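Below, subunit A partners subunit B and then partners subunit C, in two separate complexes.
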Partner chain A sequence: MAAPSVGMLRRPELRLSTGAQLGLLVVVVAVLFVPFRGTWNLAHHDDASLFKALNGIRDWVDANRTINPVFLYIFGPIRSGIDALSEALTFVFDHLSWVAVMSIATALGLALVSWRTALLVAGSLAFIGLFGLWTEMIQTLVLISTAVALSLAIGIPLGIAAGRNDRFLRLASPILDFMQIMPAFAYLAPLTLIFLIGPPSAVIATLIYAIPPAVRITALGIRGVPSETVEAATSLGSSDAQILRKVQLPMARRTIGLAVNQTIMMALSIIVIAALINAPGLGESILVAIEKLKVGAAVEAGIAIVLLATVLDRVTAGLSGSPADEHRLRRFDPAARRRVLLVAGALVVGGLLGGLILHAGTDFPSAWHVSIAKPVDQATRWIEINLNPVTDAAKNIVSKYLLDPLQTVLETSPFWLTIAGIGGLAYIVSGRRATVAVVISLAVIVLLQVWEHAMQTLTMVLVGVALTMLIGIVLGVAAARNRIVSAILRPINDAAQTLPAFVYLVPAVALFGPTRFTAIVAAVIYAVPAVVRLVEDGVRAVSATVIEASTSAGTSRLQMILKVQLPMARRSLLVAANQGVVLVLAVVVIGGLVGGGALGFDVVAGFSQRNFFGRGMAAAIGIVLLGVVLDRITQGAGGRRSVGSVARRIVFGAASNRPTAM
Partner chain B sequence: MIDHGRLSRLAALGAAAAIALSACSSGGSSPAATGAAPTTGTSPAASTAASTAPCGTVNIAVNPWVGYEANAAVVSYVLKNTLGCNVVLKNIDEQTSWQGFPTGEVDAILENWGHEDLVAKYITTDKVAQDAGKTGNEGVIGWFIPKFFADANPDILTAKTNPTVLNKYAAQFKTSESGDKGQLLDGDPSFVTNDQGMINGFGLNYKVVYSGSEAASNKAIQSAIDQKKPILAYYYTPNWFSSKVDLVHIEFPAWTQGCDKDPNNIKCDYPPYHLNKVVSTKFATSGSPAFTVISKFSWTNEDQDLVAAYITDQGMSDANAAKKWLDANPGKWKAWLP
Partner chain C sequence: MTMAEAPGGTRAAGTPASVSGPSGPGAGHAPGDPTIVVRGLWKVFGPAEKRLATSTEPVPPNSELRNRYGSMAAIRDVSFEVPAGEVFVVMGLSGSGKSTLVRCLTRLIEPTRGEVLLEGEDIRTCSPSRLRELRRHRFSMVFQHFGLLPHRRVIDNVAFGLEVRGEERKARHARALEMIELVGLSGHAWSYPDELSGGMQQRVGLARALAVNPDVMFLDEPFSALDPLIRRDMQAEILRLHHDLGKTMVFITHDLAEALRLGDHIVIMRDGQIVQAGRPEDLVGAPADDYVADFVRDVPKAHVLTLRWIMRPAQPEDPLDGPSFPPGTVIRAAVHAAAATEKPIRVIEDGRLVGLVDRAHILEAVGGSEEPGGSEEPGGSRQPPGSPAPSEPIG
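And then the complex of A and B:
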C-alpha cells in the first residue's frame, strides 16, 4: 500500500541509504499484503458501539444544559459575553451611515498605507454596495471584528509567553497544530452542543481557527529579537518586564502587526462554514444562493468576500509594514505625513457629517444596483451543459485508474499492515518522534471505529495532493521563470485562495456529478495557489550565479528546470507538499456535501442528524488524526522542525496578498 | 386587568383591514404592489399593532429547502404585519431546530416531515414541544427517474407489484461511485430515508450513494437530464425544483402500518406524509397570538409551490413573494388570524 504515497513524497535527491530503506519497506509491505489482503479489514458500521457511547454524551449534555453548574457558570457566561460584544459592535454600525463607514475605511487606508490603498478601499466597498450586499458585509464585519478582537486578546499574550519561554512553546505547539489541522467543519457539532446555534458559536468556531496564527506569529516576532540585544538590556540591569515592554515588544511590533493581519484573514476564510450555524452575513448569502442553485448570486457574494478580504488585508498590511510600504512611508517627510493625517481626519469628519446631511441610511442605496448574476448564471449553465461530456470522462478515468485501485488497496490491506507501512515511512523520512505520533494517531483511528472511512478519505487526500503538486509545480515554475505568467497568476491565486470553496461546488457537481472526484477538484482549486506561491518563491531563490553557470555549461531549458531549479528548491517543494496536504484535507471534508462520502460525509451526517451525532464526532476526530499523520510525515520530510514549524504555518490557508510571509 | 386579548384583536383587525385595503387599492398583482417595500401598505397599522399587541418575539426555524422557506415567508409576513410580532428567522437544519425547543432558541417549526425519533424525545418524553396541526401540504417521498427514461423503459414502473424489476436496470444506473451495482442517489443526510432498508428488503442490486445535500442532488438530477443520462434518485414533493425537472415516481408496494418497523429490512414504499407544524410547549402556553396563527396556518401544495416559484424563479425577496400571494388570497390567510 505504501507504494503510491512513497512515490509521491520521494525526495528529488535521495541519499542511497534512504532510498534503499524505502525500497525495502515497499518490498516488505508488498510481500505481506499479498497473503493477508482481505483479512483484518475493519468494515464500517453506522451503529458502532463507540458512536452510541458518544450519542450518550450528547444526551447527557442536552439533559443537563440548564442545570449543570459548568454550563450555568462557565459556558453560559462565555456565550452571553460574546453575544454582548457582538451586539455592541452591531449597535455602533447601526448608527453609522454607509457614507460614514466608507469614509472611515478610506481614511484608515490613507493613514495606515497610501493613497492608492485608500482608493482601493473606497472602490472595493462601493462595489460591495452596488452588489446589494452592504448589510451582509457589515454583519460579516461585526462577526470578524468580534472574533479577531478576542483572538488577539487571547493570542498575543500567549504568543508573548511562547516567545519568551521554550517550555511553553513546546507545550503549546501540538495544541496549536491540532487547532489548525482540525477542519472547522468538524467542530461545529460539538460547539453547537455546548454553545447552541447562533453568532456566539460562530465566533468561537472562528476563534479556534484564528488564535493559532496570532500566537505563532507573535512568538516568532519576540524570538526574532536578537539575543545580543536582550543580553545587553539584561546586563544594563533591566528587569524582565522592562525587557518585554521596552525591547522585545517594540522590536517585534511589525511582526505582531502581521499577526493581526493573518488573524483577520483566517477569520474571513471560515465565514461560510460559520454560516452553517446561523452566523449572518456574506457567508449566509452564499449558502442561501447555493441552496437555490443560484451560482450567479453565490459568485457575487464570493466576490464581495474577496473584496472585503483585500480591503482588510491591505489596510492591516500597513500595521506590519512590508518593505514596499516602508519605502512608501519613508518617502514622506514629517510635514507630508501630517498633511496625510489631516486629510484622513477630514475624511472621517466629512463622512460622519455627510451621512447626516445626506440622510444616508445604514444600507447602501438600493437604487444603485449592479448585478452580474444573470450573465454568470447563463455562462455557468452553458459550461455545465457543454463541458459535461469531457469532464465526466475525466472524472471516470481518474476514478477508475487512480481512485478505485488506491482505495481498494487501502481498504483491503490488513489494518496492522497499513499502520506498519505508514509508520515505517514516517520513521524513514521523519525520524522516531514523528513515528510515535503517526502510529498512535492511526491506532486511535482504529479505536474510533472509523478506519474504513478514514482510508477512503486518505485515498482522496493522496490523489488530491498529487494533482495539487503536479499543477502547483508546473504553474510555480512557469511563474518563477516568466514575469508575465507571474503577474497573471498572482491575482488569480489571490482570488482562488480567498473565494470560498462553496461558490464553485454547485457547478462542480454539474460537471463531475456528486462524486469523490468533485471533492478532490474543489480541494485542488483551494490548495494550488499556496503551492504555486511556495514553488515560485523557492525557484526564484535559486541564485543567479548557479543559473548562469549552468547556462554557460550548455544546459537545456528542461534540464535547467528538472536538474537545477527544482532540486535546489527542494525545501520549498517539501514545505509546499506539507501545506498542500493540510489544505486539501480541509476541503476534501467539505466534499461530504457534494458526494465525497467517507469521513467528511459522516461529519455532515453527524451535524444534521441526531442519531448520527456520535458517528460524526468520531469521524471529526478521525479527520484531525489523519491530518496529524499526513502533517508529521510531510513536515519531517521538509526537515525544518523548529523555526519552520512556526513560520510555515503563517501562510496556511491565508489570503494574504503579499507573496508569503515565509 | 386590562383586556390585552381584545386590544390585540382590535389592533390585528385594523392591520388586517389595512392589508386588505392595500391589496385592493394596488390591484393585487400590479408591478407597483409587488415591487414595493414589503411594509409600505401596512406600516402605519403595523406600528400601532406593535405597540399594543402582546405578541413579542417569535423564533421560527427555517430549514434548508425552499418549500419551507415559502411557509416561513408567508407566516412571518402575517405575524409581523397583522400582529406586530418581532419575528426572528433562524436558518438551521431540522435536527438543530428541534434541539432549540428546550433552550428557547426555537419556538416553531413550520414544516415537519415525520421524525418519529425526535417526536418521541421532545414531545412524548421531554414534553418540551407539541404538535401544532397539519400544514395542509401532503409530502411524498420515494424513488424517482427522469421521464425520458421511464418512457423508454415503461416496465420499470411495474415495481409496485414486482420490485426486483429494478435489477434489470442496475447496470444502467451504475456510476463511478457505485462499484458494480446500480446507484441510488440519496440527498441530505438529515432527510428521512428508508432506502438501505428497501434495497435489503426487496433484494435489489443497488448501492445508496449520498450526494450530501439537497443542492447537490438537484444539480445532479438536472445535469443527468441535460445529458440524457439515466439517474435514480431519492426525491420528494412538494419541492421547488420538481417543476424544473421532469421526474417520474417509481412506486413500490404501498405502505402499511408497521411495514417499515425493521429499518434494515423494509418491503414497502414510504408512507404518505401529512406535514405538520411543531411548536415549543413554552410558546404554546405563552398565550401569544402568534401561536394561534401558526396553529391555524394551512395551505395546499400548489400554494406552496407558487410562493416557492416566486422566490426562486422570479428572484423575489421572501417578503415580496409572501405579499404577492397574500394579496391574491385574502380569504385563505384571514382564516389563520386569532
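And then the complex of A and C:
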C-alpha cells in the first residue's frame, strides 16, 4: 500500500521529452551536415561489383539448373507441379465456350448471392468480352484459381492450427507480418532466379502474399468461437477432433468464407503485377499499354481488371457475409430456394448446350468488339493540352518545394550521417530493438551498392506519405464529424481497396505523363483510402462523454479537432502512418514502370535485360530493406503492443494491410 | 486493507474439521458418502504455477505472487464435501474464484494442487480418455451464456452429448425430445437457438446437460444473464427438476437470494478462499465475519431463520399452553399463530419442550431488526443451542 504513494511523491526522472530529443537530434545532424556535405555520397554505378557478382550467381544457376540436385529434386518438382495444375485448369477452360463460362459464372452469382449479383456478373463479363480481353481474362482466371487453390490448401490448415494453439500463433505472427510487408514487386526477382519467369513463379509470388490472410482470418474465425461453447462441448466429453469438426469449423464457416474472399482478392492483385515476369493475362495487357504509354488501351485493361475484381468479390462475398445474412438464408423459403437452384442449374446446362449449338468459340466473338481506346486517348490529349497548366503547376510545385530539396539533402548527406540520423529517429520513437533492425537494414543497403537509388526512392516515399497523411487526415476527420461525408466516402473507399495497385498507375499516367511525380500520385491515390478509414474510426472512437465535456467547456470546432479528437485518436493515426508508409512504398516502386526511376526502375530493368539482372536483384532486396526500415520506425511509434492491438493487427493484417499487394 | 488480503482468521472456516477420513483416491464409494470431496484445492495462474504444482512449498500470499512471479492464486486451499442429492451452492462476487473453482472440479481448468474426488475417484489422476468418459456419462455442465451451437437446431443441441459419445441418431433424438419436454420446450425442438428467448435458450442448456443422465450437474451462474422475472421462473424450474430427478447439483451464483432459495448448503467464497460454509440459516443467523454479515444484512430474516434461532429457555412462570412448532420451522410460518395469542410459542423437538419464543421476538425478526436472535440476551452467543456450528462440515 505504501509503495505507490512514495512513487507518486518522488520527482520524475530527469529525462528529455520526446519532442526535445527529436529537436536535439535535428540540431546535431544539421551541424554535422554542413561541414561534411557532399562527401561520402556512395554514387550509383551501373556496373558495381556486387551487381556483377549477382549476375555470376544467375549464370551459375542457369548452368546448373538441370544438374544440381536441389533444383532437380526440390525446385523442379514444385515448378512442374504448379505448371501441371494450371495446365489442367487451362485444359478445362479450353473446352468451355465463352457462352458456357458466362452462364456458369452467372449461375454461381445467382446460387451464392442474388439475382442482382447474377446480373452484375453477366454484365461485367460481357463488357470484358466487348473490350476484346476475354482470352486475357481467362488466363488471369486460370492463374488465380491455381494460386487460390494452393493458398487455401496451405493457409486454412495453418489457420486452424493458429486458431487452436497460442504458441503456434505467436510463432507464425512475425513471419506472416514479414510476408505481408514485403512488396511483391521485390520478391519477383529472386523467384525468377529459382523458378524461371512464367506462371509458376507468378503463382508462388501470389502464395507468399495470399497465404497470410488465409491463415489470419481462419485463426480469427476459430478464435471467435465463444470459449464457453467450446467448454460446453468439452464438458460433454467431446474429443479434440469432435470439437474441431462439430463446433469450431461450423461456427467459423462464415469467417473462413471471408478468408476465401480475401485470398482471392489478394491473388488478383499479385497475379496482375506478375505480368512483369511473363505471367499472361490482363496484367500483361495493362503492362504493355503502360510501357508504350497507350493510355486508351491501359484504361480498357484497367476497367477489365476492375470488373473482374468486382465479380470475384461480389460472388465470393456470398460465402462470408454477416450472421444476419445467414439468418435470412436459413429462413429462406425452401421452395423459392429450390426454384433459384433450378434456374441456376438450367443456366449451366443451357450455357453448355448453347455453346455447342451456336458453335461458340472459347473467345468472345471479335465482331462484337467495342473499343473505347480512341475516345480515351482523345480525352487524354485534351487533358494534356487544356489541363496542362494545372497539372504542370501541381507537378512543379511538389517537385520544386518538396522532392528536390529533400532529395538533395538525402543525396549529399554522407551515408554514415544519414544512417545515424535515421537510427537516432528510430531510437527515439521506437526503442532499441527497432534501432538495431533499422541500422542493420541501412548498412546492408550500403553493401548492396544501391544507396543513391535507395535515397531517391526514400525521397518519393516520404513526400508521398506526407501528402497521403495530409489528405487522409483531412478526409478522415471530415468523415468522422459529418455523416454525409462518411456516407459518400465509405463506398468509394471500399471499392478502392479491392483494386490492385497496378490499376492506379493508369489515371496517374493519363494526368501527369511518365514522371517521378506520377508514381507519387498513384501511391497517394492508393494509400489514402486506408488512411481515411483508420483516421475516421479513430476519431469516431473518442467517447461521446469526452466530446460533451469539451463542448460544455466552450471548445470551438477547431479546438475540438486539434486538442481533443486528434490527440485522443493518436493510436489510430500512428497505425495509419504505418499503413500509409507500407502502401506508398509498394506503389512508388512500381512507379519505376512510368518514369519513377530509382530502385523501382532498376527492378523492372532487371526483368527485361540480362545485363541488369544483378542490379535489379540488389534493388529488389534494397526495397525490402527500405520497407523494414520504414515499418519498424512507424510501428514502434504505435506504442507498446497491447493485447488489443495484437488482436487488431490480426484483423488489420488481413483487412487493411491488404492493399500492400505491391 | 485490500481485497487481496483476506482476514487471516476466516481461513479456518474453509477447512472443514471432519475432513480427515482415510479414503484415498479410488477408494470404494458407499451410497451415503458425499458425491464430491474436494481437499486442499489450489489453482495458481501464471509462471509460478509449474513450480508450485510439483513442490510442496507453501504458496506465498497473492501480493507476493503478483509482484515477484507475475502470478495469481485464484483458488487457495479450498476443501468441501458435496452430499449426494443436494443442491450445493458456491456463492461469491466476481473475481472470488467461484467460476475457476467449478472449472477445476471438471478439469476444464487443471488444478495446481489438491484432490477432487468424484464418487471416490480422483479425477485429477484420470487419463484424458477416462476424463472424457466421465464427462460423457457422469457429470455435465450448464453455462452462464448457454454455450449453444447456433448452427444446430434445438434438438441437435440437446442431443450433442449423446452424439459425441456415439449414440445412434434415432435413440438420441428420442432422448432429446424427452428432455425438451421435461424442461418445458415442447414444440421448439426444430427451432434454432437464436429464435428463442434467453430463458428458453438456458432451458436448452439445461436439457443438454440432463440428456446424458449425469450423476452430478455443475451450473455456472446459469441464470445471471437472464431478466429477474425469468430468473425466478428458472430457479423454480431447478427446484422442480431437482425434486423430480434428485440430481446432485453444484450451483455457482453471485446472487445471495438465489443461493438462499436453492441451496441445501452454501459456501461463500472470497479471494479464492471459503469464508463460510453452512446451511442458509447458518449464514444469515451467524455470519462468520463482517464480509458475510454485509452480504446477508438485507436478507429478510424471517424467511430464512428458524424458531431455533430466536427461542429462549423456558422460565417457571411462563404459560405453557401456547401454540407449538418444531424448532426447524421458519419464523415466517409461525407469524399467524403468534398473532392469534398473547402466549409464547412452545418449541417442541421429539415431544420435548426445548424453548419458548415470545411474540415480540417474532415481530422483531419479521420487522427486520439488525441483530436477530440473541442481541438482547445477556451475553448471548449468536449460535442457537443445539444448532450446528457454522464451520461444521456440511453433510
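Methods note: the second predicted complex is superposed on the first by the 465 of 662 C-alpha atoms of A that agree within 3 Å, B and C clash if a C-alpha of one lies under 4 Å from a C-alpha of the other, contacts with A are read in each partner's own complex, and residues count from 1 in each chain.
The definition used in the following text is that a contact is a pair of C-beta atoms (placed from the backbone, for glycine too) under 8 Å apart; a residue touches a chain by one contact, two chains touch by 3 or more.
Just so it is clear, the structure is predicted and the values come from calculations on it, not from any experiment.
Residue contacts after overlaying the shared chain place A:Pro389 against subunit B, while subunit C stays out of touching range. Once the two complexes are overlaid on the shared chain, A:His369 sits clear of subunit B and of subunit C alike.
Between subunit B and subunit C, it is B that contacts the larger number of residues in subunit A.
Looking at the shared chain after the overlay, A:Gln242 reaches subunit C, while subunit B stays out of its contact range. By the touch criterion defined above, A:Arg170 reaches neither subunit B nor subunit C. Of the two partner chains placed around the shared chain by superposition, neither subunit B nor subunit C is touched by A:Arg116. Looking at the shared chain after the overlay, A:Phe601 reaches subunit B, while subunit C stays out of its contact range. Subunit A has no residue lying at the interface with subunit B in one structure and with subunit C in the other. Those residues of subunit A whose C-beta lies close enough to touch subunit B in the complex are 62, 65-66, 192, 196-198, 275, 277-278, 284, 287-288, 290-294, 384-385, 388-389, 392, 395-396, 399-400, 403-404, 505-506, 509-511, 513-517, 591-597, 600-601, 604-605, 607-612. Here subunit A touches subunit C in the complex through residues 1, 226, 228-239, 242, 246-247, 250-251, 253, 323, 327, 330, going by the rule given at the top. For subunit B in complex with subunit A, the touching residues are 64-66, 90-96, 98-100, 102-103, 105, 117-118, 175-177, 185, 188-190, 209-220, 222-223, 226-227, 240-241, 311-312. Contact residues of subunit C toward subunit A in the complex are 2, 103, 106, 108, 132-137, 139-141, 143-152, 160-161, 163-165, 192, 194, 205, 208, 212, 218.
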